[in-house]
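Two complexes follow with chain A in common, the first pairing it with chain B and the second with chain C.
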Partner chain A sequence: MIEAQVLVIGAGPAGLAAAIEASRAGLAVTVVEQRETIGGAIYRQAVLGAPATYQPPAVRARWRRLVHDFAGCGITVRHGSVFLGIDGDGLAIVENRGTGHVEPVAAKAVIIAVGAIEKVLPRPGWNKAGVSTVGGLQIMMKETGRAPEGRILLAGSGPLLIAVAAQMARLGNAPVAVVEAGDPFRHPLTGGGLLAYPTLLAEALFYLKDVWLRGIPWLRATTVAGIEAGADGLVATLHDYTGTERRVAVDRIGLHDGIRPNDFGLSTPPGTSPVVVTAGDCREALGAVAAEADGRRAALSVIRLLQQREEVGTTAALRRERNAQGLLSELFAPVSARPLLSGLTDDTVLCRCENRTVGDLKALCGKEDPLSGREVKHNGRFAMGACQGRFCAENTARLMAELRQDAPAPSAVDLTGRRWPIRPVPIGALVCASDDTSKQE
Partner chain B sequence: MPVSTPATAVIVGSGIVGAATAYFLTQHGVKVTLLDAVAPAAEATGAADGAVSVASKRPGPMMTAALSGVALYRELAATGLFSDIFKSRSTFIVAASNEECEVLHAHAAALAGAGVRVELLAAADVRQRFSALSTQARLVVEVHDEGHAIGYQIVHRFLTAAGVTVRRASPVRSILTGDGRCAAGVVTQDGEIRADIVIVAAGNGSAELLRLENVLTPRKGQLLVTERAPALNASMPGSIMSGRYLLSKGSQKGGVTVPRGLGLVIDPLRTGQFLIGGTREDHGSRQTNDLDAVGRILRHAVALVPKLASVRLLRSFAGLRTAVVDGLPLVGRIPGYENAFVATGFEGDGICLGPVVGRALASLACGAEPAIDLRPFAPSRFADHGVVA
Partner chain C sequence: MTGRFFDWNGSAIPFREGETIAAALTGAGILHLGDDSVGSEARYFCGIGACQNCLVRVNGAIREACLTRAVAGLSVACVERRDHD
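Presenting the complex of A and B:
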């Protein structure tokens, strides 16, 4: 059993900011991080010898400041440690991948800062080999300093597509095209609103200039309607807003439809101990700047909650980032007004782990009485697989809502529930955990 | 007793008992309104280990009922209703200590005496028949002709086959009393629902409705599900029940239970996954699983099936069984009413007994002779405990 005054889960911007703030307030902080380096996904560090990621100066400056402040606090970081949840006795359960043992942590307070995950909308063929997430491609680039090889298509929606296109180009393999469901140029007034957020605007222009200078096609108001296996590689069918169809042959496709909190399965203990606060993108996905601000807020909340006072609410810094992200969502809103999922063909896979399709869900939801999210999980096996719903729960809930507008819209958590382990864990690792307590029997 | 088949019924609770009763009443031509405080299989049925089994039973009314329960599953599997959702398999009771061997020998004899097909496997037989078992298994009793079913799948199948829609999120406040010794229906938040008969199959929710707080008690169970491990799964010819389970379950000790009992059942599922359980706890929330219990269960599981150590745990969950203070379920006419019935308190046997009790209750409510003897489970034994009226 490990004991900690404050346990911070995750060493991304939210976790690091929370750890710094709590440590400066005199609390003893332990950080657990699943990887061997700190920084999270946004500040993922390159392996030794690989070139640093191409990022705007402001981003690099934020990272340097975080590293400096964190190093000054002398906080213990337990690397290779995967957070599995908080159990019914209030213990934080951490799998040490180094030893292969599960380590329970008794903490007075736990700050959960496990970031965001990418949203990917299903499309016919999205589950084929060679299709991954854009964020996944980016992480690989950040770690290795090498662009993915071959003809790459980036598709979906949002500013990340542009950033990754620019980063790929800088590493010598620009994508064939960037396919964007929205069209920011249709919203000049909203775009003008970004002038109030100069850092964000500078970041956008930093990457956009590379895309323009290198002539990477940015196909706006366009979607990937389907992916098929081609003679050599993949063929993506693109639909633009005029209804024109075209086909692009590529080797790999990166998909990205935004981000959402990585809050799957997270539960809070039934009692008041430990104090549990979520921070950063896993509470509200607003990006790195907001995550830092929210990490500080979480640490202050913990201090107050330990004194049995109320949690700190939304701060001005958070509100500002929320407004900025709101503008971006408007700018990148899909141009096509079609429903996102109910128009998909019945054989489109919705849940990859259990290979369940749009048609399977339609059959379940076509009954007279609308099923609850939990019933759809039980009887359709959606969100039941090894990903524990990370890739399908939100899409399943959204399609259920599109299919049954007469019923209350279900949410992802109705399907996933809130249980540990939030990641699959070898039974052998859990068996080791109980050896400790058995000696006291 | 009703002289003729009722035209309408209202059933409170769409767990396995309520769903089965709805199905069989529909077969009698009764129009059923099915209510649930939450949704079908939202409580114990949706968090059950799914044993369709007599293996842990001692001779007596529960064993008799369980034998009928297993037989009905086989029948419904053969006729098609359960064909793809009932897994026929043996139960292997494993003893790993002197104490467990002793209990298991006696238990096997009792099962055999009741006509259950059992087989004692010595160490050499075990290695051949069940190679995944560790050498810690000193004595194994194979109980033949058992099976496994997943509660929420059974409920879904019953409801679909009966064509019954469920009124979800409809908690029942009280039974509506009519003339004389008759119930007129039930009262919900949205008003009265009138019917010729009323059936309460609301699990722990029955306690408040029928003022049986001193008779019914929730008993938590924690369960675990692994990822698919097809090779190991295929190598197991049936489920494993630890001999310790017989001690934990208290069925050998006249219903004596400890505040937190730990047993072990490892069931190889049709999906290639494993279902591993479980606990019996008199306190605790169904929302939580704790590392202490999970670790102990898994340590025991790995001791018996070492290869499980490399299989990943996917999910933990918990449910609250409904237990009756004397260890027997509560099935039959509610004292004070001619036309209101209760069926609950099956504790860990709801999946095994739900269908057969639903069928018996439908017969009883329609004035026919139930196919199983319900007298040992009669609610009238608690008539002085404030059952309605």
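Presenting the complex of A and C:
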């Protein structure tokens, strides 16, 4: 059995900041990270010799400070280790990918900082090989120092698309176009509100200037309505706000419709031990600056909770980032307010892991008595597959609400439930773990 | 070539020290990582271990290609090939 006073899950900005803060308060901290490197989604490290990805000076400075402070604390990081959950006895369960064994960890406190996931709306063909998330394309670019090859289309919504377009261009392969469902130029007043957030504004302009200077088409108020296999590569059908349809042949497509907390399966264990606090984008998806601030808040909360005092609430820094993200969502709000369902054919895949389609969901929702989220999962296998609903539960819930306006609208968690393991794990490995624990007792 | 390769369904895939299996396969132009047991196309998607779309067999064990570092001599195959079961 591994022991730690504070176990931090995830070595992104939230986890690192939490670890630094707890360690400086004199607590013995262990960090568990599934990858071989620290940094999380925003600070994914390049392999040796690869050029660094183009990022604003403020972002690079934040990372340098974080690494410096973290190194100064001498905190143990268990790499290649996947956190699975906290069992009924209050032990954190971690799968060691090196040995293939599951290891129980006895900790007084656990800080969970497993980050965000990207939202991807269903569109016919979104499930094809050659389609990735935009963030997925970006972090591979950060890791390899190489832009994705061939003709690349970035589509969906939000400032990340612009950042990735600029970063790709700097590495020698600009995307053929950026397709944006919103149109920030239609909201000049909201845009003006960004003046209150100079760092954010500077970051946005840093990337936008590259997109402009290099003439990368930024097709606003436009969506990718569908993706098909073409003669060589993929063909995307674009719809713009005037109703005009256009087809573009590309090699790869990146999709991104925002981010949301990766909070799937995170449940609070019964009993009072260990103290469990979530931090960063897996608690509320507010971006890297907020994640760092929230990591510090989580560490202070743990210290207080261990002294039987109450958790630290939302700080002013978090409220500020929340307001900034609110402005960005308004700026990038989709121009078309059509229901999600209207663009989807019956054979559009909704849940890729179990290959469940819009037609399958319609059949389930056509029953006389509306099914609950849980029933749609158990009877229809939606949100039941390997991703545990991360990429389909929210979309399925939204479509259920559109299909059955007579029934209460379900949420993603109605479909997924909250049960560990938070990641698929071989049953054999779990059985070994419980044997190990019983030997300790 | 410096001699760092792993095996992908019988072909030798070069990689750089520290690269994930997903990055090396992508670099070799391989985007379709086979069809999984329900017939969905396996592929690199989220890049952060969340979507499980990139599952492959690494020396027989099912692993996320986007999380697993390439190591010389590894045997990597599509999940559909159940030679180890």
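The rule is simple: the second predicted complex is superposed on the first by the 427 of 441 C-alpha atoms of A that agree within 3 Å, B and C clash if a C-alpha of one lies under 4 Å from a C-alpha of the other, contacts with A are read in each partner's own complex, and residues count from 1 in each chain.
One rule holds for everything that comes next: a residue touches a chain if its C-beta (ideal position, glycine included) is under 8 Å from a C-beta of that chain, and two chains touch if they have at least 3 such contacts.
From a predicted model like this one, the values you see are computed outputs, not experimental measurements.
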Partner chain in contact with A:386 - chain B first, chain C second, else both or neither: both
Comparison of chain B and chain C by chain A residues contacted: C
First, second, both or neither for A:375, with chain B first and chain C second: first
Which of chain B and chain C A:99 touches, first, second, both or neither: neither
First (chain B), second (chain C), both or neither touched by A:140: second
Partner chain in contact with A:352 - chain B first, chain C second, else both or neither: second
First (chain B), second (chain C), both or neither touched by A:427: first
Which of chain B and chain C A:272 touches, first, second, both or neither: neither
Common interface positions of chain A, toward chain B and toward chain C: 386, 424, 426
Residues of chain A touching chain B in the complex: 87-89, 91, 93, 102, 104, 267, 269-270, 367-369, 371-372, 374-375, 378-379, 386, 388, 417-421, 424-428, 430-431, 433-435, 437-438
Sites on chain B touched by chain A in the complex: 38-42, 46, 152-153, 156, 160, 165-166, 168, 226-227, 284-285, 287-292, 294-296, 298-299, 301-302, 308-317
Residues of chain C that touch chain A when the two form their complex: 16-20, 22-23, 26-27, 29, 31-33, 38-53, 55, 61-63, 66-69
List of chain A residues in touch with chain C within their complex: 34-37, 41, 47-50, 82, 97, 100, 115, 117-118, 127-133, 135-140, 143-144, 146, 148-149, 252, 262, 349, 352-355, 385-387, 390-391, 423-424, 426
